[in-house]
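Shared between the two complexes below is subunit A, which has subunit B as its partner in the first and subunit C in the second.
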Partner chain A sequence: MNIDELADMVRNLLAEYVVNVEIGKDLVHVEVKEENIIEAAKRMKEAGFDHVKDVTAIDYPKEGVIKIFYHLSSYSKKDLSRYIVGLGYSIPRDKNSVPSLYGVWTSADFQEREVYEGFGIVFEGHPDLRPLLLAPTVAELKPLRKDFIVKEEPIFKK
Partner chain B sequence: MSKGNGDGKVYVGNVDVAAKKARKLLLGKLKLGKLVDWGTAFSLWPVHLTTSCCGCEFAAAWSPRYDNEQHGALPWVGSRQTNMILIEGTVTRKMACALRVVWEQMPQPKFAIAMGACALDGGIFYNSYNIVRPWEVVPVDIYIPGCPPRPEAVARAIIELQRKIRREGLASKFVEEGWRPDKEYVKPKEDLCAWWKG
Partner chain C sequence: MSARISGVSGKVGFNDLKQLPGFWTRKLGKDLYEVFIGPQHPGSGHMRIIIRVDGDVIVEADPDMGYVHRTMEKLGEGREWIKGIPLYERMAIHDACNVTLPYVEAVEKLLGIEPPVRAKYLRVLLCEINRIAAFLYGFGIFGVFVGHSTMYMWPFGDREVWVELADWLTGARLTHSYPIFGGVRRDVPEGFTDSLRKAIRYMRKRLEEYRKIYVDNPVIRARLEDVGVIPRNLAIELGITGPNLRASGVEYDVRYNAPYEVYDELDFEIPVFQEGDSLARVWQRVEEIKQSLHILEQVADWLDKHKGEQIMHDRFWKTAPPLYKKVFQETGRVKLVPAFAILKVPKGKAYARAETARGEISYYVESNGANKPYRVRIVSASARNAIVFKYILPGHRVMDLPTIYGSIDYFPPEADR
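Presenting the complex of A and B:
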């Protein structure tokens, strides 16, 4: 299976949910509508994508959206295990509640907690949603959002 | 105050005052303070608290090549049996809790060495949202610059701390006064362990 066949497979699989498909090197990014994410995730799991490698969020302050991406791959199917498929959706920046995919992939557990502490996005249905690496007082600042202002000061004070 | 014991004699005296006088006699006139300082200077045992990447250099400093044990310093596992802490690089906000807990567990007189650029003023993480300055957590005696410092620099810091203890009589002053007269008590501005609800 090459990368174009994989893209076609994913396109056929998610059919009516697909908003946009991007093809990179060994990587296919599929964007779906936010309301369809759980159904799309279930279809992907049935097709053999059995684990989440990474959950990440990307902040686009000019467009006013945050894109949440689940990077999926497979251990059970050999031809799929070569590739990574990014399944994602975008939400408005002021919305901070999205459905959790813990019910579909258990391996999304810690990574959704990291997105929660960095961006302040609450994953509804996550069993244990609390900051993973950061202290709660730091997590409240939502430090990975673009509008978090990093303190600029010279190392050597005058 | 000790009260009478039945046969008409009453002993009046303050045990604390007597102890203080005895301490002053022993440490001042008989110069036992120098012995205390000498003993402390050559038994600086750092605790194993590897907060960051400078821990590699810390380990190398006790390897056979740079053998820091010749200075009487031996890394030890339990914080209650040590009297020195080598802060190894960056201290994150969560690790600051552990650092403070370990510091408070260590018996007096105790000393702190801050190692690496991150422990001085943040280093490359100077504007990070998730670090604290070690000097806000514990009172630091010696700073070692470098990113990371060489094992020789660690040895130098230990020798420098030994000199400081013997020159200023830090250990004997502690025995005399009950606290370190040269260092102010550092109290963290915020509750470092607030995140930990154990």
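Presenting the complex of A and C:
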């Protein structure tokens, strides 16, 4: 299965939920509406996408949105494992509560915690949402958002 | 301040007992204790596992990671593309080529270039050398965990063979920064492939000795067999990766499922075990070393047949000053061309994966056309394997914890990024 066929397959599978499909390098990004994400995720899992490779959020301050993507692949079906499918949605930057997909993919457990600590997005329904790598005081700063600027000190002070 | 580690004033209770270094324990209720293992524990590395025990049966485990978190995703956003390579290889310094390779590949995909074939073979060469060295490192640590000090000394000694080879090839024992966009930094030195073949012969012999003294040792088998079993469906559900996944009967290896570099041209097998216990995970690694040795033989033959071919893509190589080309002709070294410092990567999204020693590492790279990445999301193998502790440890006894921890080959710096 080449990448276009995979994109078509996912487009047909998610049919009415699809907002946008984008083909990257070895990657298909499928955007759905936030309210449909759990149903879309269930359909993807039934189709054979059995685990989450990573959960990531990307901050776009100019557009005022954050995109959350679950990068999926399959251990049980070989033809689905050649390329990665990213299932995701956009939320406004000031919104901080989204549904958790822990109930669909257990493998999203630690990954959602990482997005939570980096972006301050609360995954509703996650059973154990705490910062994973960062200290709670650092996580409060939402360090992975673009408006958190890292100030680097020069090696030699002027 | 009293000298007591933790104390309750007045009566002598549980909390007055002297505690083992690296352990901190408190009572939660009748028969239920909370034990903090690490992060200064000699075995666990830079990680803490909080377990709750009933008697000595673990009822709950909470892996507490992040003690060596270096904010690589955020740091990567503030650095030029080429600076990402020495940054990301700090995740697993003895597995540096495997860990940085998908980053290089993702950028190459965005640039739309492909390295010359010889460069691909050289990348595979270092990847497999790194893989063997990382497995031997894991064996050594595991040996300490189960109290087998010979199995600590031997693999660490044999690992030196592979580290020295990597040193000879790249100029650095660890953190080689070997693959760069469009190629590799150096060609093989004179006489390298002969030494490589010697090392392969030596390693085959040693693996047989490992089997006799360690893997088939009745004492070790009694400790490892049927401990920490991860059933196939649970392995898939938890999304674990690497040798741990294959030891549970899942046929998945990035080199096979989504071949990169020249892995689709090489002949090798993906070993799969069905048992899913700690012993199977050790056997899995022994078998994978054998396959890596088989790959290295083929790579050595190919490199001998195709001497003097280009190892750098034209897009960068043609910008090199004449002096650089002269140095390459004479010594086989490629100096970093100035074009890398001002490199701008076209807008787009790319995803690249590689099979490292501990499993799959994946990079999501997004560029907005600037001289720095817009977003790099890295999920390393250990980061995905950490979930095992939470779901597999409950039900085991405390004495099984080092066995499971060691057999997963968990590496905290890689997991924390």
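What we mean here is this: the second predicted complex is superposed on the first by the 156 of 158 C-alpha atoms of A that agree within 3 Å, B and C clash if a C-alpha of one lies under 4 Å from a C-alpha of the other, contacts with A are read in each partner's own complex, and residues count from 1 in each chain.
Assume a residue touches a chain if its C-beta (ideal position, glycine included) is under 8 Å from a C-beta of that chain, and two chains touch if they have at least 3 such contacts.
None of the values given here were measured: they were computed from a predicted structure.
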When subunit B and subunit C are modelled together on subunit A, clash or fit: fit
Contacts of A:35 with subunit B and subunit C, given as first, second, both or neither: neither
Touched partner set for A:136, first subunit B, second subunit C, both or neither: first
First (subunit B), second (subunit C), both or neither touched by A:151: first
Partner chain in contact with A:111 - subunit B first, subunit C second, else both or neither: second
Most subunit A residues touched (candidates subunit B, subunit C): C
Which of subunit B and subunit C A:46 touches, first, second, both or neither: neither
Partner chain(s) touched by A:4 [first = subunit B, second = subunit C, both, neither]: neither
Superposition-derived minimum Cα distance between subunit C and subunit B (Å): 5
Touching both subunit C and subunit B, counted on subunit A across the two superposed complexes: 131, 133-135, 143, 148, 150, 152
Touching residues on subunit A, where the partner in the complex is subunit C: 22, 24-27, 29, 50-54, 56, 58-59, 69, 71, 75-76, 78, 81-84, 86, 105-107, 109-111, 118, 131-135, 143-144, 148, 150, 152
Footprint of subunit A on subunit C - complex, ascending: 65-66, 69, 71, 73-75, 78, 106, 109-110, 235-239, 245, 250-252, 257-258, 348-353, 360, 362, 364, 366, 374-375, 377, 379, 383-384, 386-387, 390-391, 416-417
Parts of subunit A lying in touch with subunit B, wherever the complex brings them together: 131, 133-138, 141, 143, 148, 150-153, 155
Interface residues, subunit B side, partner subunit A - complex: 93-94, 121-122, 126-130, 194-195
